[in-house]
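Let me begin by handing over the structure; questions about it come next.
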Amino acid sequence: METLIDIVLLSFLVLTALAVAKMHDLFAVVMLSGIYSLLSASLFLDLDAVDVAFTEASVGAGISTLLFLASLKLVGRYEKRTRYRPMLALGVVLATGTLLIYGTLDMPHFGSPDTPVHQHVAPRYLNDSMAEIGVPNVVTSVLASYRGYDTLGETLVIFTAGIGVTSLLRVSRRTKREEQQRVPADMQQQIILRVVAKWMLPLIMVFALYVQFHGDYGPGGGFQAGVIFAAGVILYTMLYGLSTTQKVFPRKMLELFAALGVLLYGGVGITCLLLGGNFLDYNVLRHDPVHGQHLGILLVELGVGITVASVMIMIFFKFTWRTVKHKYFVK
Amino acid sequence: MIELLLDMLSWVLLLSGSFFCLTGGIGLMRFPEFFSRIHAASLTDTLGASLILMGLMLQAGITITLAKLIMILILSLIAGTTASHAMAKAALKSGMCPLDQVDRSQQPEIKAYKDKS
Amino acid sequence: MFAVTALTLLVVMALALARAFLGPTLYDRILAVNNFGTKTVLLIAVMDFLAGRPDFLDIAIVYALINFISIIGVLRFFEYAQQKTVEHGE
Amino acid sequence: MNLIGLYNYWIVVTLMMIGFYVVIAHENLIKKLVGLSIFQTSVFFFYISTGKIHGATAPILDPKYDLYSNPLPHVLILTAIVVGIATTALGLALVVRIQESYGSIEEYEIQSQDTQDQMESQLEAYGFRKKHDLSIQNLDE
């Protein structure tokens, strides 16, 4: 059954990708790419990657689609049918594809347990992590403890992307004043939607916190929780307008928190150094190594969550401010 | 005995839920225009989803899984219906008209609604 | 029994996918995406039971939430896009 | 069995090639970004597929199970997805700025504008400015 679902989902994915390649209405393309990420998340779940499915569900189907839609609002909806020559591109693609398929012929079969991938470090993670770290979710323990450096790097990449978008899409004071004077009427008439969203918002926030702190025991963790939290704030922004939301999440606070998360992560590492261990070696944080690991993972995941949430909210705000600017000033 | 009964009941719920989902899917595919499609899809969606989730609940027993299933049920009941409402409203506002009302679209109250929005 | 439900859901997803491809209007596509999303929530719930580990239902909850949010997003951004084209037309 | 054994990898290659085709053959920058994300996801599928073991379960330890899929690819891909959205956001911001300064996001139009600017500045450097002005005046008349 698992294999059957796998095959069907993969075929759906190819069909969706082909449709994406063919369509010229970018709005439809973005919506199909939303379906594409829903499909890929189901596929990840089918292949036992629960944490990845979680992330793809919240990132790919949620935030990514919204960002694409916001930028479509700024750049226009249709792709021009220009006179590109597909034959050359098609030739290159077919040649590369044939070579890659030839390369797969030697690969060990899908799902076989004696693949080289499974012989290296994975058995150690699976067998020893319970004794060394004491967290049932092996993905969390590898993410936050065994490969802590790596995750620090990824968090920094997200932080840097936040800085990049902030400096590319700056907002003038004039735009802000304009937005405050005029009530955003976009969703004003959708009363039912507004009421339901107001009711759902606390639910989303609580769920984000659950995902954040339950990540040791089930699927979840800082990345997912941050994105879900941001999605809640984005829902509120879409229905109640930017200036209302910015009263709760002012720009300065978001920037501060984005930096704070990275600092918390790095700070835990430095504390470990000061207490006599290696960088990000949580064993020394408490008397008992396992307790130290628990505390370290909790703090590090919190740092990741804070950074991801504030950077995602920040990026969405920047794009929405830009649409406000275009609406009132660029004609 | 009771377990067998619960099992059978959950099978019945799962199967009928799948049946309603399938009807909705066929309706979504076969109906001629947007409003009849949304009618087919959203109604069966609510019913089919609730039936399937209830079937799963009977399998879950009284655990944390049950609580999560109830949460999904509440969410799908509220979010699904709201989303359908918003979609239909947006489509109506954009000037689309149900097929059997094409001629009536010039009627005063529908016109007034459109002008207002 | 779970297998039958999962298969039916896959068939329904195929139908919704076809509607999203054909679509004529954009609203048909939005409807198809929404329907596809709710079916994915159900498929994931059923798949959890099929795999015998129903403690992963968190993912289905996330789907239900995110699906709602992205549909609202599509409607919000699309309303404006259409106004713009109307303005240009006039 | 042989066919099914490699099906996942072949689909990965197909998806990757579709994404690659969209990136190199289409002119629209947003479309290119969508193609890039398809390409990206195909790599994710490849990693996760190699981590799967038949009959295993998700790597969340539970005394009831003893065979788990490989957790390492999951960790790598989890972070890659979030980094992917961060880079996509950066790319979209760049596209928005390009639209604002060139008035178009079609690669061909952007390039032709660039070469035009370049030619004009070269003409200016060689002292052809007057002729250029003249031609515009002629057109006006």
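So that you can tell them apart, the chains are marked A, B, C and D in the order they are listed, and the count of residues begins at 1 in each.
In this section, a contact is a pair of C-beta atoms (placed from the backbone, for glycine too) under 8 Å apart; a residue touches a chain by one contact, two chains touch by 3 or more.
All of these numbers come straight from a predicted model, not from anything done at the bench.
With contacts defined as at the top, give the pair, A-B or A-C, that has more of them.
Between A-B and A-C, the larger count of C-beta pairs in contact belongs to A-C.
Please list the single chain whose C-alpha centre lies closest to the global protein C-alpha centre.
Answer for the innermost chain: A.
So the centre of each chain is just the mean of its C-alpha atoms; given that, what is the distance between subunit A and subunit B in Å?
Subunit A and subunit B have C-alpha centres separated by 29 Å.
So how far apart, in whole Å, are subunit A and subunit C when each is placed at the average of its C-alpha atoms?
Comparing mean C-alpha positions, subunit C is 19 Å from subunit A.
I'd like to verify one number: the distance from the centre of subunit B to the centre of subunit D, where each centre is the average of its C-alpha atoms, in whole angstrom.
36
Counting in whole Å, what is the centre-to-centre distance of subunit B and subunit C, each centre being its mean C-alpha position?
Roughly 12 Å separates the two chain centres.
By residue number and range, which residues of subunit D touch two or more other chains?
In subunit D, residues 57-58, 62 touch at least two other chains, as defined above.
In subunit C, which residues are in touch with two or more of the other chains?
13, 30, 32, 51, 55-56, 58, 61, 65, 67-68, 72, 78-79
List, in ascending order, every residue of subunit A touching at least 2 other chains.
Those would be 50, 72, 193, 200, 218-219.
Among all the chains shown, which pairs meet the touch rule set out at the top?
Applying the touch criterion to every chain pair yields A-B, A-C, A-D, B-C, C-D.
Using the touch rule from the top, collect the residues of subunit A that touch subunit C in their complex.
1-2, 5, 8, 12, 15-16, 19, 25, 27-28, 31-32, 34-35, 38-39, 41-42, 45-46, 50, 53-54, 57-58, 61-62, 65-66, 69-70, 72-73, 77, 186-187, 193, 197, 200, 204, 207, 210-211, 214, 218-220, 224, 228, 231, 234-235, 238-239, 323, 327
Which bits of subunit B are touching subunit C when the two form their complex?
Residues 10-11, 14-15, 17-19, 21-22, 24-26, 28-29, 34, 37-38, 41, 45, 48-49, 52-53, 55-56, 59-60, 64-65, 68-69, 71-72, 75-76, 79-80, 82-84, 86-87, 90-91, 93-94, 96 of subunit B touch subunit C in their complex.
Per the contact definition, I'd like the list of subunit D residues that touch subunit C in the complex.
57-58, 62
Considering the complex alone, what residue numbers of subunit B touch subunit A?
Going through subunit B, the ones touching subunit A are 75, 78-79, 82, 85-86, 89, 93, 117.
With touch defined as at the start, can you tell me which subunit A residues reach subunit B in the complex?
My answer: residues 189-190, 192-193, 196, 199-200, 203.
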